[in-house]
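One structure is given below, represented as structure tokens, and several questions about it will come after.
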Amino acid sequence: MKLRVSCHLRFQVFENTALILMLRPFRGIQQIIYREAYIVKPLISILESTDSFGNGCQRLIASMGALLIHTSSEVLVPDNAAIAIGAQFIEIQNLPYEVLPFLLPSRYCESDRFGDLARTLTFDLSPGYDQVYKIVSWVRENIQYLPGSSDYPVSAIEVQQRGFGVCRDLAHLAIALCRSISIPARLVAGYLHNLQPMDLHAWLEVYVGNQWYTFDPTQTHLQGGRVVIAYGRDAADVAVFHQFGLGCLLNRMDVWVDYLGNSPFIKTL
Amino acid sequence: MKLRVSCHLRFQVFENTALILMLRPFRGIQQIIYREAYIVKPLISILESTDSFGNGCQRLIASMGALLIHTSSEVLVPDNAAIAIGAQFIEIQNLPYEVLPFLLPSRYCESDRFGDLARTLTFDLSPGYDQVYKIVSWVRENIQYLPGSSDYPVSAIEVQQRGFGVCRDLAHLAIALCRSISIPARLVAGYLHNLQPMDLHAWLEVYVGNQWYTFDPTQTHLQGGRVVIAYGRDAADVAVFHQFGLGCLLNRMDVWVDYLGNSPFIKTL
Amino acid sequence: MKLRVSCHLRFQVFENTALILMLRPFRGIQQIIYREAYIVKPLISILESTDSFGNGCQRLIASMGALLIHTSSEVLVPDNAAIAIGAQFIEIQNLPYEVLPFLLPSRYCESDRFGDLARTLTFDLSPGYDQVYKIVSWVRENIQYLPGSSDYPVSAIEVQQRGFGVCRDLAHLAIALCRSISIPARLVAGYLHNLQPMDLHAWLEVYVGNQWYTFDPTQTHLQGGRVVIAYGRDAADVAVFHQFGLGCLLNRMDVWVDYLGNSPFIKTL
Amino acid sequence: MKLRVSCHLRFQVFENTALILMLRPFRGIQQIIYREAYIVKPLISILESTDSFGNGCQRLIASMGALLIHTSSEVLVPDNAAIAIGAQFIEIQNLPYEVLPFLLPSRYCESDRFGDLARTLTFDLSPGYDQVYKIVSWVRENIQYLPGSSDYPVSAIEVQQRGFGVCRDLAHLAIALCRSISIPARLVAGYLHNLQPMDLHAWLEVYVGNQWYTFDPTQTHLQGGRVVIAYGRDAADVAVFHQFGLGCLLNRMDVWVDYLGNSPFIKTL
């Protein structure tokens, strides 16, 4: 399908503040970006770079006053996300080396502390996709999805204690559980068509059967219509904006995903 | 200044043909891309990746019939290109490692065969920028710049024998001469404001005084208003399109560079 | 000085187990490796790769029985580690892009929770080296260094609560504090000449004044004679060995650092 | 099999000269380096880095007088090189992106000029391995292999005109022919067990059937016992030593490959 995805950020800046933003749709996967706008007001110098995960980053210094960032992209994406019951666990020895970082514990996914729970949940299942399916179902059933319930990221341990969370929190817990049984898992930040209430979204992908598969603990039925912004080990890697110091404040963020029509040639990833 | 740069390609395709294109303005340098369109008709699947020089590449399979590619970007770029008389030669030991490939001979820059000429031209000059300045002046004075004079790239040796060439040819010869005295040099493909006749353009950058400096053997006065598309060792690395096999033909290419106004904050790189 | 550094690992393997090891001295910095041995018994297939930090990794599948890994290297290293009182904080905008990951919170360095403490410790100091010096001194004075006191990594928050730790723990806390005031900091795993008791060691480096500087919260006087094995955001990135599953056990690890003589040409980094 | 490979270089240095060397066996493939020595006399500072192909490079400044470099490694390598009659051509769209550079023309492999010859040789063959087999046989039969016949690299066009060459020259011509029909091909520099006369060796690898396969136009029967030093587009990328300026001279190079015994676990790659 064709989607137009837009994000509007309005900051109040009290003193010169460095920001690193990730707001452009990801390049290099099966989503085709055919129009893109990236407007910053006032006009300031922006330094673009690509991080080790392939995410585009924009660095800038916000000056005192209002800062407005408006991004909008028109993108072709698959209508459906692939499902692959039975897809096999890949032995560590056979993983592509760029997948290895997604086996390690990270800031918000303390996978070194979840082995017992993950093994209890999955010991009787075929290694791979089916274990992830069980883990994600367990997260969905045991952690209440409460959009807007947290202002800053909390870690998988904290999510489990608390029993509720935003999309990112549920994804972090699922990722920690997958990694603890040696299944590579990464956080995805992006847009999701028809998300209610509309906002930026986060979900996870796991590497089984020699490719990455999408999972979303906030949904009972896995939807397509996803536009990826960034991949990372967890929210520390893929913050939409990372602010250095206390010199500015996000006043407002608006997100839109508009359906622009059918796209004949991308059906399923 | 603000520029809108556009390139329109029209292919006739006789049988399924793979193409690799480099048509998006380069990211990660002091040019800010704030709007971009990338339209392919008919809609086909495109695979984006980034090569080892940081260039964005688009891979696609063209199907029988007409293929139209239309790219357009609005970009902020410096009004002037920096000049740095006296900037010093950087010892090999002190070059950043990502600069090293630009010391080696390459397909169209046989720097292993130009040492005698380069030393003759530059032996009495301060090592670095001033040597390059001399080399580029020598190319300008000895190789006639004839836009449209060649259909396919020829190498520095061939350019010198022939005595004339397109922008790319003059750049290749200058690059070969610079590298032959251990000055890193790279080819730049891009757009140039006010180029006559309008077309895509190619020039070179050399690494002296701890940064890359622009040189253009087709111009007596070094202009700003440059939008970089890609960097490479020579035209083999930065072909606007690379076609695999004989299954298609570029029928027409149109290029526009429109001045959109002053930009207050980028004066000189 | 010239050092011979050796590490001997003996595993008991109960079932086929994947391991990722980091045991070779790091390449690409001012330490010259002129002899190296890497012996695995029994002989098994090893897959080497380089991670995004430049660390060499060895992947292997350990089979049932004993597994012995013996590495030994002869290396030239600086006699002293540089000290740079007054070296300036580098603005985010001016950091090389490969330094940026070391600003983010990570598994064992929850820098997003240490801003208040770091600002309290350093508010009256010149931004940069002097702040780090204060932070590291504070860690040394407030966290008891107890070699052998922990079996698995704990995080900076846990270290602060606990009040004691191994070299890695003290480094993690210092790193979290530095990053929380936007100073890039990374964990270093390596060998240290004259360490008592001899073991593998961990310390930190911070990026100020446009280069990385060594700090070591376990020492009152900063020693040279350091051989770097690996760099990372924290111990999750630079585990000497990372074991997948519960199928093997490290029975014994022996470490030696032997002084082989003076080296005339590397004095200080 | 187990091999000990050694290379001894002796330079006479007239004035300070920068050198970039590639002399360590390549890491990250199915060859296990279990001992390595890298001795430079006099002891001088060496800067190691990894190029975009994964090759380890050593940069140094040679000072006036004699410079001796002695490298020696003990390595486990496959007894045989795989042969794969019928392995299929991989469509451009399906090539891993890191393979793409090996499709382009390069300094010594002017693949943009060999399409007619390559198509004539291979038009009636199944696309892929069988075409390469034909090309390599044609090179073997038409270009005389004369070890020691050239001091510096010449290009595929020059090799074809001349009708004879060293191992590197034959490989360059075969590579140019393969690339001209869109088969990725790369030059390999390394050691070969039982080579007569003993020297460093060069051959090629091509990417078909989703992996790299070894070809050697100097041999009628494809031997195993190969230790890879470096990969590249051609000899410009993989020079054993690259000297900047005229300030030094290689007086002597000695190469040994010693058979150390059978290795039970690596039979064929």
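The letters A, B, C and D name the chains in turn, as written, and every chain counts its residues from 1.
By definition in this document, a residue touches a chain if its C-beta (ideal position, glycine included) is under 8 Å from a C-beta of that chain, and two chains touch if they have at least 3 such contacts.
Here the structure is a predicted model, which means the values were calculated and not measured.
Trainee: How many angstrom lie between the centres of chain B and chain D, each centre taken as the mean Cα position?
Mentor: Taking the average C-alpha coordinate of chain B and of chain D, the gap between them is 30 Å.
Trainee: Using the average of all C-alpha atoms in each chain as its centre, how far is it in Å between chain A and chain D?
Mentor: 42
Trainee: Compute the distance, rounded to whole Å, between the mean C-alpha positions of chain A and chain B.
Mentor: Computed value for the inter-centroid distance: 36 Å.
Trainee: Could you list which residues of chain C touch at least two other chains?
Mentor: In chain C, the residues touching two or more other chains are 47, 49-50.
Trainee: Draw the chains as points, connect those that touch, then say whether the picture is a line, ring, star, complete or other.
Mentor: ring
Trainee: Spell out all pairs of chains that touch, sorted by label.
Mentor: Pairs flagged as touching, ordered by label: A-B, A-C, B-D, C-D.
Trainee: Hey, which residues of chain A end up touching chain B in the complex?
Mentor: Against chain B, chain A makes touches at 27-28, 30, 32-40, 43-50, 54, 56, 76, 263-266.
Trainee: Show which residues of chain D lie in contact with chain B when the two form their complex.
Mentor: 18, 20, 47, 49-52, 57, 59-61, 91-93, 97, 100-101, 103-107, 109-110, 112, 115, 152-153, 182, 236-237, 242, 244-246
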